[in-house]
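Once you've had a glance at the structure underneath, I'll fire off some questions.
Chain lettering (A, B, C, D and E) follows the sequence in which the chains are written, and residue indices restart at 1 in each chain.
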Amino acid sequence: MYINRFLSPIIVYYYSWRMVLFSLFTGSTAIFVYEYLDWKWVAIPWLPVSLVGTATAFFVGFKNNQSYDRSWEARKVWGAITNHSRSFSAAVRSFTTCSPDSDTISAAIENRTIIYRHIAWLYALKNSMAQRTNWEHKDRASERQRRALRRAQVPCDIEIAKYLPESELALIKDKKNQATQILDLQSQHIRDLRRAGSLDAYQHVALQDLVSKLYDEQGKSERIKNTPFPRQYATTSTLFIFIFMTLLPFGLLPQFLDLGEKFMFLLIPFNMIVSWVFMFMEYVGDISENPFEGLLNDTPVSTIIRNIEIDLKEMLGDDDLPEKLTAYSGTLF
Amino acid sequence: MYINRFLSPIIVYYYSWRMVLFSLFTGSTAIFVYEYLDWKWVAIPWLPVSLVGTATAFFVGFKNNQSYDRSWEARKVWGAITNHSRSFSAAVRSFTTCSPDSDTISAAIENRTIIYRHIAWLYALKNSMAQRTNWEHKDRASERQRRALRRAQVPCDIEIAKYLPESELALIKDKKNQATQILDLQSQHIRDLRRAGSLDAYQHVALQDLVSKLYDEQGKSERIKNTPFPRQYATTSTLFIFIFMTLLPFGLLPQFLDLGEKFMFLLIPFNMIVSWVFMFMEYVGDISENPFEGLLNDTPVSTIIRNIEIDLKEMLGDDDLPEKLTAYSGTLF
Amino acid sequence: MYINRFLSPIIVYYYSWRMVLFSLFTGSTAIFVYEYLDWKWVAIPWLPVSLVGTATAFFVGFKNNQSYDRSWEARKVWGAITNHSRSFSAAVRSFTTCSPDSDTISAAIENRTIIYRHIAWLYALKNSMAQRTNWEHKDRASERQRRALRRAQVPCDIEIAKYLPESELALIKDKKNQATQILDLQSQHIRDLRRAGSLDAYQHVALQDLVSKLYDEQGKSERIKNTPFPRQYATTSTLFIFIFMTLLPFGLLPQFLDLGEKFMFLLIPFNMIVSWVFMFMEYVGDISENPFEGLLNDTPVSTIIRNIEIDLKEMLGDDDLPEKLTAYSGTLF
Amino acid sequence: MYINRFLSPIIVYYYSWRMVLFSLFTGSTAIFVYEYLDWKWVAIPWLPVSLVGTATAFFVGFKNNQSYDRSWEARKVWGAITNHSRSFSAAVRSFTTCSPDSDTISAAIENRTIIYRHIAWLYALKNSMAQRTNWEHKDRASERQRRALRRAQVPCDIEIAKYLPESELALIKDKKNQATQILDLQSQHIRDLRRAGSLDAYQHVALQDLVSKLYDEQGKSERIKNTPFPRQYATTSTLFIFIFMTLLPFGLLPQFLDLGEKFMFLLIPFNMIVSWVFMFMEYVGDISENPFEGLLNDTPVSTIIRNIEIDLKEMLGDDDLPEKLTAYSGTLF
Amino acid sequence: MYINRFLSPIIVYYYSWRMVLFSLFTGSTAIFVYEYLDWKWVAIPWLPVSLVGTATAFFVGFKNNQSYDRSWEARKVWGAITNHSRSFSAAVRSFTTCSPDSDTISAAIENRTIIYRHIAWLYALKNSMAQRTNWEHKDRASERQRRALRRAQVPCDIEIAKYLPESELALIKDKKNQATQILDLQSQHIRDLRRAGSLDAYQHVALQDLVSKLYDEQGKSERIKNTPFPRQYATTSTLFIFIFMTLLPFGLLPQFLDLGEKFMFLLIPFNMIVSWVFMFMEYVGDISENPFEGLLNDTPVSTIIRNIEIDLKEMLGDDDLPEKLTAYSGTLF
C-alpha cells in the first residue's frame, strides 16, 4: 500500500513509458501514411472511433470500480482478522482464569501457547497469500518490485517456526493448507482445556465460535486470492483499449488537418496525451485488481500482522516487542 | 472459471464469429442498397441511431454489472460453504471428545461418519446445481463445452455413494431435494449423540446452529441457480443491441460517403469493428449471467468441493487424499 | 417470474402497442404541422431536446436499477424464509427428541402440529402479500393477467385451514395481522413444550431465536410490499419521458428535412423506433417495481412456498406430497 | 410517504413555480439583451455551458442516489424496529411463563408493563425524530405542510404518558435522551424478573440481547436524523444548478437565432422546459434527503408505530385496539 | 461536520481562490499567445480536450463516490460505538445486580469503574484518530483550521486521566495501542467479577461478547484512519484535472474566436467558470476523503463521545453531566 499523498513521478513513469512509446508510434504512423504515402482515406470519420471510445470507457470504468472493491474487501478482511485476533486473545486469557481455584501460572503458559499459535496462523495465512497465481502480473518490472519488497521481510517459515512448538511444526509441515490445520490445532487445544476443566461448557462453545470466525476470515482472504477478476471482463477491457488506441490517431487526423499542413504534426503529442490518459486509467484498475500479488498496491498484510503481534504480546505482558514496520520507499507491505 | 491472464483467441473467436458475419452482412447491405439500388435515402441521419446507441449502452452496462454481481455472490456463497465446512468439522471433532471420560475411538468413528456425510452433502448440492434450467445457454457450442467439462469429472452420484452409508443412500434416493434431507440426517445424528450423552446441551445447540448456517448457504446457492437474471431486462438488452446493429451501418453511411466513392467501402470493416465491440460487450454480460450452467465462466464448484474434501480428510488424519483438481484448458470447473 | 430465455413477442406487444400508437401520432403531427400548416418553426433545434433526453435517461436508469434491487431483495427475503423454514423444522424435530427418555410418539405429534402451523404461517404471509395497494398497476391488461394467475391457485384461506387446528383458526380469524399472530402461537407452543420439559432452557431460547428470525423476514417482506418506490422519483421519470417523447419528433425534423421532401416521412418510423426504445426502457423498470403485485414479474411466492411444503413434509416422512408448481405460460407465480 | 401512484399536479406545481419564474426571467433577459440592447456577444458558444451541464448532471445524479439510499436506510431501520418489537414481545411473554410453577397472573401484569413501556419507547424515539435540525427545509411551504401533518397527530408526550407508569414518567422527564433511558428501564425490569426467579439465567441474557438490538436500531435512526447529507456535496449541487440555469439561455441563443428573428422568442418556453427538468431533478433529491423532517416524503414513523401498537396489543389480548392510520391527502405520516 | 444548510461563501472562497487564479492565468495565456505572439495553432481542436474531459469526469466522479462512502462508513462505525456503549452499560449494570443476594453498593462501585473506563476507552480511541498521517491535508489553511478546532477541545489525555484510576493510567501509558489495552482491562475486570461470583457463566460470556463488538468497531475505525483512499486513484484524478485545466482554454479558443476579436476576451471568464466547476467538483471529493483528519468535514467524534458520556452518566445517576458540544462556526467536531 502506497502511503505518500501523491504517487512519485518515477512510479508514474515506470507504469507509462511503454504505452507512451506505443502511442507515439501510432501517431507518427498516421501522419506518415497520410502525408508521405498520400493515403488520404486514413483520415477516417470520428464517429466509429467515438463509439469504440464509449464502450472502452464503460469497461475501463467498470474494471476500476471492481478493482477498488476487491482491494477494499481485502482490506476489510484483514481488518476483521485484527479485530478477531484481539477478541480471541482477550477471551482466551479471560476465560481460562475466571474460576476462583484456577492455576494462574499454568493458565498463563497455556495462554501463551495458544496466542503464539495464533500468530503462527497469521504467518501461515500470509504465506498462502504470497503464492503466485496465473493471472497476476509477471512482467519484469513487477518481478523486480516483488523481489525488492520480499527482501525487506523475514520469510514466513521462520516466523512460523518461532511461534509454533516443534512437534506441531512437524505435524503441519506436509499439510496442503497449513492455516486450516493450525486453526484445527487451536480447536483441539481448547477442547483439551475443557477436558481439563479450565473452561466451562459455555466458554468452550464461545471460543470455538471465535475459531469459526477466524475460519470465515481466512476463507474470505483465500477467496479473493484465488478468484481472479473475471478474465472475460479483464480481457475485453484490454482488447478495447488496444483497438481504441490504434484507431484514435486516424480519427483525430481530420481535426488536425484543419490546422494546416504545418501544424498537423501536433497530432502526435495530442494523440499521446489522450492515449496516455485512457491507458493510464485502464492501468490504475489493472494494478489494483489483485490485492495479494506482492506489489505496490497490495493490502499491507505484513504491517497488519506485525501490529497484531505487538498488540497480542503487549496483552501477554511480553517485553521483547518487535518493531512496527515502516514504509519502504513510500510503501507499506 | 477461466484462470489464464487473458482469454485465449480461440475463445474470443468462438464467441464472435456469428456476430461478425452478421455485421459484415448488414454493412454490405447498406453499401449495396445505396450504391447499386441507388436508394440514397438509406443514408439516414445519425441522431436516431445515436439515441438507440445510448439506450443500448445503458442496458448492456446494467446487464454487465448485474451479471458480475451474480457471479461474485455465487462465489461468496461457495466461499462461505468452505468456511462453514471447516468450522463444522473442527467443532464436531472438538465437541464430541471434550469430556474426560469420552470414548475416543467410538467418537472418531462417529465423527468420520458425520464428516463423510457432510462431503456427500456437498456433492448432492453440486448435483442440484448441475441441473439445466430454461434460461441457460443451449446452443451447440455451449453443449459441446458442457459435455467436455462433464467428461473430466466423476459423476456426483458415485461421489455421494462413496461417502454415505448404504442405508442412508436408500433413504434419500427418492427425495425431491437430497441436500436438504442429508442435512436433516446430520441434525438427527447430532441429536442421537446428544441423547447418548456425547454432547452436552450447549454443544448440541451450537452444532444445530452450524447446520442452520449450512442450510442458509445451500438456500442461497439454490436461489441464484433457480432465479434467472430478470428476463425483461435480458430480453430488452438483446433486442436493443439487435436494433442498434441493424441501424448502425445506415447511420454511418453519410460519414463514409464523405471519403469519396472509392473509399466508402471502408464502411464495412469499421461497421464490423464497432458492431463487434458492442455485441461483445453484451456477450460478456450474457455469458456471466448464470454462475452454475456448466460452462467456462462458472463458479468452480468441483474445485472448491475437492479442496474442502482434502481439508476435512486431513483433519481426520486420512492418508488417501484425493488430488487437487487442475485447470482443463485454462478452466477450473 | 418469467422463466423462458426470452420474453414472448406477445408480451412485448402488449407492453408496447399503446406507446407505439402515441409515437406514430406525434411523428405524424410533426410532419403535418411542418408540411401542411407550413409552420416551419416547429423544426426546433436539437439541443434542448437532447438535454431533456439526458435528464430522462438518468431518471429511467435510476428507476431500472432500483426496481431491480427491490425485486432481488424480495427474492432474497423469500430465499431466507426457505432457509429458516428448513432450519426451524430440523431444529424442532431434533430438540424435542434428544433426551433419552423422551416420548417419541407424542413428540412426533407435537412436531407435526408445529410444522403444519409453520406452513400455515407461510400461506398467511402470502395472503398479506396478495393485497392490492394504491401504487400497483391497475390497468385492464394487468387486471386480466392477475385474474388468470389467481385462477391457477388454491386460495390462501383454504391452505391455511388445511394446516391449522380449528381452534387456532378461530383465534386468528379477526386479527389484523394473521402471520404475526400465528408466529406468536408458535412462541406459545414452544413455551408449553419447555414447561412440559420436552425442551431444555437452552433449546427453548434457540427456538425462540429462530422465531425472531422468521419475524425478521416477515417484516422485510411486508416492508417491500408496503413501501412504494418513492413516488417523487417514479412520477418524475414518467413526466420526463412524456416530455421527451413529445419534443422528440420536432427535434428530429431538421435532420430528416435534409433527406429531401420525398423522404422526410422516414421521420415517422424512426421517431417510433427511438420513442419505443426509450419508453420500453422506462417500462421495464416500471413493471419490475413491485415484486408482489400478482403479475408476470413477481417474486414467485407460491412456488417457493410449495417447495418448502414438500421439503418439510418429506422431513416429517409424509407420503401425500403436493406437486411442484409448474410454469403457467412461461411464468412461475 | 406519498402513496398515490402519481404525485398530484398541485404538489408538482408547489415545488416548481419559483424555478419556473426564474427561468422565464433568465430567458427573457437573454432575448432582451441580445435584441434590444443589441449585445450580440451574449450569444455565447455552447461548449462551456455543456461542460457545466455535465458536471451539474453528475452532482445532481449523485445527490438523487444518496438521498434515495438515506430514505431507504431509514425505512429499513424502522422495519427492523417493527421486527424486533414483535420478537421482543413474543419472547418476553414466552419466557416469563415457561416454568411449570410460574404465576401466570402476575406474569401477565409484568408483561403488560414491559410491553407498554416498549410502546412508550417507540413514541419517545418518534419524538426525538421530530426535532428540527439546521439543515432541514424551513421555507414557508414546508412549514405549512409540517403544521398540517402535525395537527393530524396526537402529540408524543400524551402517548408516552398513556403507556408509562407515573413514577417512571417523572424519572425520565429531564433526561437528555428519553428513549435511551426508557430502554435502560427495560434492562432493569428484566433484571428484577431474573432476581425474582421469573427468568432463568439464559433467558435473562437473551432478553438483554434483544434490548441491545433495540439500542442498535435507535442509534441508527438517530444517526440518520443527526447526520446531514454532507453539506459540501449538497451546496455544490445547488451552486452548479444555479450557474447552469443562468448560462443556459445564453448558450441556447445561437441555436434559436437560426430560426429567424420571428421565432427566436421560442427560446423562452424551451429554456423554461429544460431548466424545469434540471431543477426538478435536483429538487427530487433535495426533498428526499432528510427522512425525518416532518414532510411529505418522510419515512412514515407514525403509521409504523401504530401498526406495532396494534400487533402488540393483539398479542396481549387487549380489546381497545387503536385505529390504523389512514393517508392524509395521499400521505402516510 | 458542517451543519448549516449551505456552506458559507467564505469556505467556498478559501477552497477556490488558488484554482481561480490558476485558471485566470491559463485563460490569459491562451489569449496572449494567440493574439500577441500570433501562434494561431494554439487554437487546438476540441476533440482531444473533450476526451481528456471525459476521463477526468469519470475519475472525479469515482473519487466523489468513494469519499462519500468512506465518510458514511466512518459515521456508521461511530454510530455503532454509540449503540454498543449504551448496550454495554445497560448490560453491565443489569448483570451485576441480578442475583437476589448481590451487594448493590459494591456492585454500583464496580459498575462505575467499568463504565468510566469505557469512557476512557472512547477518548483513547479518539486520540489515535487524531494522529496525523502522510496522506492527509497539510497545507497552511488546513493547519490553521485544525489548530482552531483543537483549541476548542479538552485534550484527550486529560479526559482519559479523569476517567481512569491512576494505577491503570500508569499501566497503559507506554502501550503502543492504548485503546486495545483498555479494552483488555475491561476483559480482566469482567473476569474478576466472574471469579468473585458477581456474574454467572452466561453473563460472563455475554459481556465478553460485547467487548468483542467494541474491538470490532475500534478496528474498523482504525482501518479507515490508517488506509488511505488508494493513492493511484487519487493521484490520477489530480493529474487528469491538471491536464484538463491546462488544455481547456486552448480547446475553447476556436469557439470564442467566432465571437469576433472584440469579444474573444470572454474566453477568460468562461474558462474560469468551467475550470472552477471541474476543480471544485474534484475538491469536494478530496476534502471528504479522510474522515478523521481534524478538519471541517470530519466525522464529529468529539460530539458523539460527549453524547455517549452524557447517556452513560445519566444511566449511572450522576449529576455532574458535561454540556453537549455546540457547533463552532457551523461545524460540529
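The working rule: contacts are C-beta pairs under 8 Å (C-beta built on N, C-alpha and C of every residue); 3 or more make two chains touch, one makes a residue touch a chain.
If you're wondering where the values come from, they're calculated on a predicted model, not measured in any experiment.
The chains in contact with chain C and with chain D alike: there are none. Inter-chain spacing, taken between the CA centroids of chain C and chain E, is 40 Å.
Inter-chain spacing, taken between the CA centroids of chain D and chain E, is 25 Å. In chain A, the positions touching at least two other chains are 202. Taken pairwise by the contact criterion, the protein chains form one closed cycle in which every chain touches exactly two others. Starting at chain D and stepping first to chain E, the touching chains follow one another round the ring as D, E, A, B, C. Interface residues of chain B facing chain C in the complex, by the touch rule stated above, are 41, 44-45, 47-48, 51-52, 54-56, 58-59, 62, 66, 133-135, 138, 175-177, 180-181, 183-184, 187-188, 190-191, 194-197, 201-202, 204-205, 208-209, 211-212, 215-216, 218-220, 222-223, 227-228, 230-236, 238-240, 243, 247.
For chain A in complex with chain E, the touching residues are 1-7, 12, 46, 53, 57, 61, 64-65, 68, 71, 75-76, 79-80, 82-84, 86-87, 90-91, 93-95, 97-100, 200, 202-203, 206, 210, 252, 255-256, 258-260, 262-263, 266, 270-271, 273-274, 277-278, 280-281, 284, 287-288, 297, 307, 310-311, 314-315, 321, 324, 327.
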